[in-house]
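Each structure below is given as structure tokens.
In the two complexes below, subunit A is the common chain; its partner is subunit B in one and subunit C in the other.
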Partner chain A sequence: MTSRSAHRETWLDEAAGRLVRPYTVSAGRTRPTTAMDLLSWVVATGVRPRGRLEPDHDMALGLCGVATTVAEVAARMRLPAAVTKVVLSDLVAVGAVLTRPPSPAADPTDRSILEKLLVGLQQRL
Partner chain B sequence: MSASNSDSDWAPSALKVLVAGGFGVGKTTFITATSEIPPLRTEELLTTASVGTDDLAGIAAKTTTTVALDFGRITIDRDSVLYLFGAPGQDRFWFLWDELSHGALGAVVLVDTRRLPDCFAAVDFFESRGMRFLVAVNEFDGAYRHDPREVREALSLPPAAPIVTCDARDRRSATTVLVTLVRHLLAAPSPTHANSASTEVGDRA
Partner chain C sequence: MRLDASDGGPSGAGLPARLVWVCVALAAGVAAIVLGAATWALARSPGPVPTAVGLALVCAAAASVAITAGAAVCVHRLARAHVRTTVGASPAAGQPVVGQQVEVFVGLARRLQGLVHREIQLLDVLEAQVEDPDLLKGLFQVDHLATRIRRYAENLAVVGGAVLRRQWSRPLPLVEVLRSAIAEVEQYARVRVVPPVEGTVRGHAGADVVHLLAELVENATAFAPPHTEVTVRARRVALGVAVEVDDRGLGMPHPEQDRVNALLADPGRVDVGDLLRDGRIGAWVVSALARRHGITVKLQSNVYGGLQAVVILPTPLLGDLAPGQPPAVEAGRMPPRGEPTGTATSSAPVAGASPSPVGARHHPPAPPPALTRVASSATAPALRDGAAVGQVPREAGPAGPLLPRRTRQAHLAAPLGRSRPGSVNQRAGDHDPMLMADFLRGASSGSGEPPAPRAVPRH
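This part shows the complex of A and B:
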């Protein structure tokens, strides 16, 4: 964890924000090789890519330790979603990250899903 | 999805609800009140062809817009997580709403009665896309309290769309809005086509 935070300090500055322009990270690429939605899930597979990872790829991989969404990775990296998708799809391409669409259910408006959602929200009242 | 896993149990379902409304109406406040995490922000970079630009060189003129999206998260259970996305307030970002509303369960349109017309674009958008929504009047301190019926009339809301009042800063009040939305989703069948609804309100703005 200490190496993580040291790493963040190098690339992110509280006041100035990112110290590297977003598209430098993705080498000018705006189209990910794997289609991803803001709410697609990503998780690290445990496969460590050979060679040295670019700092942002390393950081993205670290954020995928537990299943999370593309939107959350983008927000925590302070990168535009489009750039984050490129970085994540690079990691998918080398087998370091798995991705999955937002919902495995065929229909997100499924009644049983809505009923569970209602119960879950009511419990928060 | 080349990398999709056949065993998809490793992640829950990500459900999505949009929070729309005019600029400064309290979308991020609403998300902050309901979310289990401090709201996060991501930016979508959007490249759109410019409208009405001379194209002498034969190269399509493009503009890149950065749109900030605030979002929050509510873990429902092991199998589902609800994400709340604040839809950008300005009308000119409607194309982003199209992307955002893809796969969304429904929407909350927040309204400030002092600036009622600010929510017209959102109401029009959801009606035209057949996306189910409710209107939540955010009762700001010191603002004149309008009767929800007056607001419904002013917005020419279809009878099916619920209208409620809330305090977007208050967790319980904002969560109640979400409960009402889900009840509405359970009660009302998904509209197949909303053409009739959009003509009904077409001359409003």
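This part shows the complex of A and C:
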């Protein structure tokens, strides 16, 4: 049996877990409308969509101020990569963000690079 | 009222039994979804990572089933215990036993919280690893179910008077609180938060406010047509922040609204047995959570013909957060301070304990009729604070996070004294309701008419 104190401990701040679950960020969507992978480049076009953006979209757009990769945005937003892609593809759809395939130096089919990136992401997340 | 979707039964015993079946069905659903996803993952790609993911999914499914079934039994028993306390023939004779029972159920609720917390942590790890959209979709469904189970486990603990296990030492952005509440609702994709949402909620009340709003949003989605959306707005008012949940359903007849509002204002006047028979546990939970923090909740018709739930979060419940401070996820790394000593609080010897003063505290004697006042005025929270009615203790325990003591009207000075948060960080050209209000007030005072009413401290 677990000790009694284990049932009484409280979880403070970071230990309490994230307040907004990732599925809420993308409204349950997991499939981006624009094809992109972790090493795709994203950059803001300067077009500001009408109306106010959702907080996560706003934050993602802010991170795209300078050209960056999907993986970088995901790590900074501390969101699963798939959810980040959905958010970014929403921004692409309204013309706020442009996406470009990865630079030739980073071959997207190179599994080892992707795996290294995944490990790095996991460490940051 | 319509709060809580469970159907009413002809007898008091029918509802809990049905509740158990609903939960068992839910558990079976979780098992089916997760096992399906896991099997699919295992069959599709035999690599090491998917295998691990699959196994973890199976574990998550098992945890979900266990937790749901446990929660069902717990809810069942706690509900019966409360019915006995309030509608029993001789409550005085039965109280010590019921008090002990509530302690046991609270203890079980805390265990459920522990399990579901671990389950959600595990899901966080999995979701960060999985990129496959289909597999992630399955994980999200499990995550959603786990989040809803956590909501009920925490409600159960709160109704039993326990201190919350998830706590924050910093104010939480209100927008995150609203989104967290929406995440706990079955049809969360239909709910939209209307920006801007500014302000913060103090950390000690975060989870309670989330669950309170979740009950109201759940109710709104359950009783409005499936293709309509439910909107959530927040705005500054004199007493604090008003959160409005609007649906586009068929609304509620006025006599029914009055009855529910009476319950929300003062649950002590309402027969819990009737509530259980009618399947209105949700309204009672909202009422209990609201009373715990001096929150005012009221239902009214809206312009769409549907129902609007207005929640007034009083100023003492709101925190200060400088504009530009990182959001909750980022700010979570600050060192803990004032760690709540939850170990010394009410939740108790789980089994086999002798009757304790803590148990007795949960069941004050029935209130005298003089205490049951209609709490519709601005002083409603203060009235409720003073009224020792109902089965839920006002405070979590001697070492729990205490609400600040309030004095009448004194809370108005603080927000009026500092710069108005609503106008901070506002981009030029954006709609600012406070600016418009100031303009109208100035115009009316200039034209010699009596100024529009405004909440100012009386000196």
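The working rule: the second predicted complex is superposed on the first by the 85 of 125 C-alpha atoms of A that agree within 3 Å, B and C clash if a C-alpha of one lies under 4 Å from a C-alpha of the other, contacts with A are read in each partner's own complex, and residues count from 1 in each chain.
We take it that a contact is a pair of C-beta atoms (placed from the backbone, for glycine too) under 8 Å apart; a residue touches a chain by one contact, two chains touch by 3 or more.
Remember, it's a predicted structure, so these values are computed and weren't measured experimentally.
Visitor: If you stack the two complexes on chain A, which partner ends up touching A:Pro80: first (subunit B), second (subunit C), both, or neither?
Guide: A:Pro80 contacts both subunit B and subunit C.
Visitor: Taking the superposition as given, does A:Ala27 touch the first partner, subunit B, the second, subunit C, both, or neither?
Guide: In the superposed model, A:Ala27 contacts subunit C only, not subunit B.
Visitor: Can A:Arg111 be said to touch subunit B (first), subunit C (second), both, or neither?
Guide: The answer is first: A:Arg111 touches subunit B but not subunit C.
Visitor: Where does A:Pro55 make contact in the superposed view: on subunit B (first), on subunit C (second), on both, or on neither?
Guide: second
Visitor: Please work out whether A:Leu125 is in contact with subunit B alone, subunit C alone, both, or neither, and reply first, second, both or neither.
Guide: both
Visitor: So which bits of subunit A does subunit B touch that subunit C touches too?
Guide: Dual-contact residues (subunit A): 22, 30, 80-83, 118, 121-122, 125.
Visitor: Tell me, which parts of subunit A touch subunit C in their complex?
Guide: It is residues 4-14, 16-24, 27-28, 30-31, 52, 54-55, 59, 78, 80-83, 118, 121-122, 125 of subunit A that touch subunit C.
Visitor: Under the touch definition given earlier, write down the residues of subunit A that touch subunit B in their complex.
Guide: Going by the criterion above, the answer is residues 22, 30, 34-35, 37-39, 41, 43, 67, 69, 71-72, 74-76, 79-84, 92, 97-105, 108-109, 111, 113-118, 120-122, 124-125.
Visitor: In their shared complex, at which residues does subunit C touch subunit A?
Guide: That would be residues 107, 110-111, 114, 117, 120-121, 124, 127-134, 136-137, 140, 143-144, 147, 163-170, 172, 175-177, 179-180, 182-183, 188-189, 195-196, 203, 206, 210, 327-330, 332-334, 336, 339-340, 342-343, 345, 347, 350 of subunit C.
Visitor: How about subunit B: which of its residues touch subunit A in the complex?
Guide: 1-5, 8, 10-16, 40-45, 47, 66, 69, 71, 73-74, 76-77, 79-80, 82-83, 85, 100, 102-103, 105, 171-172, 175-176, 178-179, 182-183, 185-186, 190
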